[in-house]
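You will see two complexes here that share chain A, one where it goes with chain B and one where it goes with chain C.
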Partner chain A sequence: MKIIFLFILFSFTIKPQTSNLLHTPANTRKFADHLFSGKDYLRSVFEYGKLPEYEKNDTIEFKIPLAYQLMGKYDLALEKFLSVNKESVYYDQSVKEYYKTLLQAGRYNELQSKLANNDVKDFQRLLYLSYLFTSNELPAEQNFLEAFPLSGKESLLSFFSEKKNPPYKSSLLSGLFSAIIPGSGKIYLGEIGDGITAFIATSLFAFLSYDNFRANHDFRGWLFSGLGFFFYTGNIYGSVAAAQIYNAKVDYEYKEKLNEYLQNKNYFVPGNDFVK
Partner chain B sequence: MKFIFTIIFIHTLLLNAQTDWEKWGKVEIDYTLAGSYQHRNYSFDSDNTGSFFVKSFVNAYWFFVSDLDGDNCPFRPSCSSFLADAVQETNIFQGTLMFFDRFTRDINIFKKGKYPRVSSGYYYDPPSLYTLSEKIHYKPVNEIAISE
Partner chain C sequence: MTLLNKYLLILLLYAGNISFSQDYLEEQFDLAKKLYDEENYFDAITEFKRLQFFDTSNVYLSVSDELIAQAYKNGGKFNEAIQYFTLAEINSKNSDDIFRIKIEIVRINILKRTTGNALRLLDDLIKDERWSNKKDEINYWCGWTYIFADEWDKATEEFSKISPDHELTLLCEKTNNKKYSVAFAKIASIILPGAGQFYTGNYINGLLSLGWCALWGYISVNALIEERVFDGLVVANFLWFRFYRGNLENAEKFAVEKNLQISNESLDYLQHNYKGTRP
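Let's look at the complex of A and B:
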């Protein structure tokens, strides 16, 4: 019986396996690479960070900021890309990725001032692409298109043209239309339901006002004409504001489309084998 | 000896046993939805003189009508809050025009799918979009703009 008790007692006190074989630098590196290729960038950076200094090499030094960039943590990515060793085989690529990250982070002015006098084709492309996002004057169409490969020229030309002549709607026209026919300004902006509602509301109060004045109900006549007036002027104001919102929508959709296109094209920067 | 072993055995069991009982404790969950009136700001804090007049009107409407009538406005902020906010952000004239435009958009029966939403499903339509300021923070349609 004692033996059984002793056996049970010791069986509970045996600790789980605590061998550190799993956590050797080689295994940690393999695991981090596996996480990176599985797009689990946050955990891969954590695992790379566990490696001792002597285990870190050019690839890891480059992959860490790249992981931050792919996660959208642009400030950290920029900081780490800048600290890539000049002797590294990935140094040139990390410089390109640094400028690409600046573009992704929306730091266009910084990118433009840093690349203003750079003649290298890859950098020139990034510089020109940044002009598609800012309100700064666009470069000449010929120069712009020359920097890009043939396969991207057609799409970029359409982005270039849209940037040059955005399909905005005039807030002045919209307000003017609504002043002439209530709701027509909204219809001009594509808000047909709002336009018809405004027309019906204004017409209804105008009719009620007219009808009450005709029946000598002066108080109600003034009340409805006051309300009608506010609906009328409110609609003119709303048409001007809606034109502004319409134009903000045009800008938003343009940027979304452009960002999606550039992401698919990797911002015209040569890709890396380990990000596939 | 048996006795000692038994004591050790029981203590070993207890030491290795699950001790995080609080994890399984009973939790009181409140399923009631917070009504919009619970977030209403009845204060008159504003430097805007027109705002005082409009806020009195809006507070009276909330107290005597809206709280009794229920949460019916499909927008966030609701039309009455929109009026109070619009007047506070601009002035009484501009704020009133913004309100009448909002009210017209509210009575449009085809408004579905034209606005971004708050997390509770209401249409997100803040007065800041209509102040005619230079910069508009556009939110795409049907996107969850803010959590409420």
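Let's look at the complex of A and C:
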């Protein structure tokens, strides 16, 4: 009976400690891992942050910046990747992820200056990829392609060629064409409907102006001349602007396609087992 | 120790263990609920997720799914809210809970203005025999769906199924009656340019439309009378017709804008003055 009594007493004494049971460091770590694998990165970072120093390990130190990176919080990710301990088993991987984050954050010049003299293949790949985003001189084609595995060569060659010779249209030529034949600048840019409309509108106003002057309706003649001139100059300006818009679209689509491709390929950086 | 005492000891150990695990889960639920009640939704979701993670026997699964969904909804994260309401529905034990959760999903679809989804879900509820005694509630949310879809006439119809004197029936009817007819505005402008604008109270725009159409109409007719046929046709086509067509579009635009203003006034009233349940 004494034992029973002691047990009951013991069970009563243990009750007040229950509220913190799920919040013990070990359980917090398990819960944070669960959130991380469920892609709830923000909450997982908060949970990892609650852990006392003795509970933290190399994996957690690496997962925190990785979570920031996966959330697109690149500045925080860079800061945390830099603070990964050199003794950590993930140190090499965190350096790679650091440079990958620089690339994702669009800090190309910083990446290029930091990796300029680095001969390690993984870093060279990131360096070469950064050149596909900037206006800096591209590396030699052969050197560029050699850095990448066979599976990526064909697509990367296509991006490399597009970067080297982008399919831009000249805004000067476009404006000039429209000055000679109204609407032809737009046709040069592939906007055939707009080009034909501009041609017809300008021609019609020119004709209406001529016809009214001929019929001695001077006011209407000047009115249509003014409208015709407005259309004519507007079309020249529109053709120059359309060429610039066309080129911006070329740049935008190229970057979109490249970013999508690189994300699918994880920027040619080896993946991490716990990010799936 | 006798055999009986040994069994008693084991029983107590077991009971102690169960009550202990129930206690900490209950305390965790209370903590999460407290955060939820304090409108600290981010932390509430975290704590409910923690509860779910450690609640291996899934005692709190359904209720926590529902509260997570509500927290997401209150935080404006509608897609996540629907995801958790769906989980709560799957784990629900009785038909009343299922009905309540289905209505919650409808309410989110109303807020998201995914009218098609809301109506489809409500249609499923109407067809389901289990909820034949809840027709009024289903009609109520059908009405709200139509309010958010800016179809006040259909909303009136749905609320009148509950009661012709229902506050929302009267409000929807009043709103619908106040609205301008877009078709009438256009037809009026077809007959007399600018008339549609006058109908919606935009007098200066109406006069401008009338003026432009009269000017280019005159120039066009004048050219035709003077046998400058091409001149006349081109002016009629590119200038008179352009302004005539613009006048029609303008009349339609003004009627739509005015109707939007009327709808917004009613929605504003519902948001601030209506005491009943809202999406």
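Rule of thumb we're sticking to: the second predicted complex is superposed on the first by the 257 of 276 C-alpha atoms of A that agree within 3 Å, B and C clash if a C-alpha of one lies under 4 Å from a C-alpha of the other, contacts with A are read in each partner's own complex, and residues count from 1 in each chain.
One rule holds for everything that comes next: contacts are C-beta pairs under 8 Å (C-beta built on N, C-alpha and C of every residue); 3 or more make two chains touch, one makes a residue touch a chain.
None of these values were measured; they are calculated from a predicted model.
Engineer: Tell me which partner A:201 touches in the superposition: chain B (first), chain C (second), both or neither.
Structural biologist: After superposing on A, A:201 lies in contact with both chain B and chain C.
Engineer: After lining up the shared chain so the two structures overlap, which partner does A:220 touch, if you call chain B first and chain C second: first, second, both or neither?
Structural biologist: After superposition on chain A, A:220 lies in contact with chain C alone.
Engineer: Output check: A:263 vs chain B and chain C. Expected answer is one of first, second, both, neither. What do you get?
Structural biologist: After superposition on chain A, A:263 lies in contact with neither partner.
Engineer: Looking at the overlay, what does A:158 touch: chain B (first), chain C (second), both, or neither?
Structural biologist: Neither partner.
Engineer: Look at A:234 in the shared chain and tell me whether it touches chain B only, chain C only, both, or neither; answer first, second, both or neither.
Structural biologist: It touches chain B, and chain C stays clear.
Engineer: Quick check on the superposed pair: does A:83 touch chain B, chain C, both, or neither? Answer first, second, both or neither.
Structural biologist: Touch partners of A:83: none, neither chain B nor chain C.
Engineer: Taking the superposition as given, does A:244 touch the first partner, chain B, the second, chain C, both, or neither?
Structural biologist: first
Engineer: So in the superposed three-chain picture, is A:24 touching just chain B, just chain C, both, or none of them (first/second/both/neither)?
Structural biologist: So A:24 meets neither chain B nor chain C here.
Engineer: What residues on chain A does chain C touch that chain B touches too?
Structural biologist: Chain A residues touching both partners: 1, 8, 201.
Engineer: For chain A, which residues count as touching chain B in their complex?
Structural biologist: Going by the criterion above, the answer is residues 1-2, 5-6, 8-9, 12-13, 191-194, 196-198, 201, 230-231, 233-235, 237-238, 240-241, 244-245, 248-249, 251-252.
Engineer: Using the touch rule from the top, collect the residues of chain A that touch chain C in their complex.
Structural biologist: Residues 1, 3-4, 7-8, 11, 14-15, 18-19, 21-22, 27, 30-31, 34-35, 40, 43, 46-47, 201, 204, 207-208, 211-212, 215, 220.
Engineer: Can you tell me which positions in chain C touch chain A when the two form their complex?
Structural biologist: 1, 5, 8-9, 12-13, 16, 20, 23-24, 27-28, 31, 45-46, 49-51, 53-54, 219, 226, 228, 230-231, 234-235, 238
Engineer: Quick check on the complex: what are the chain B residues that touch chain A?
Structural biologist: Chain B reaches chain A through residues 1-2, 5-6, 8-9, 12-13, 15-16, 94, 96-105, 107-111, 114, 129-132, 136, 138, 140.
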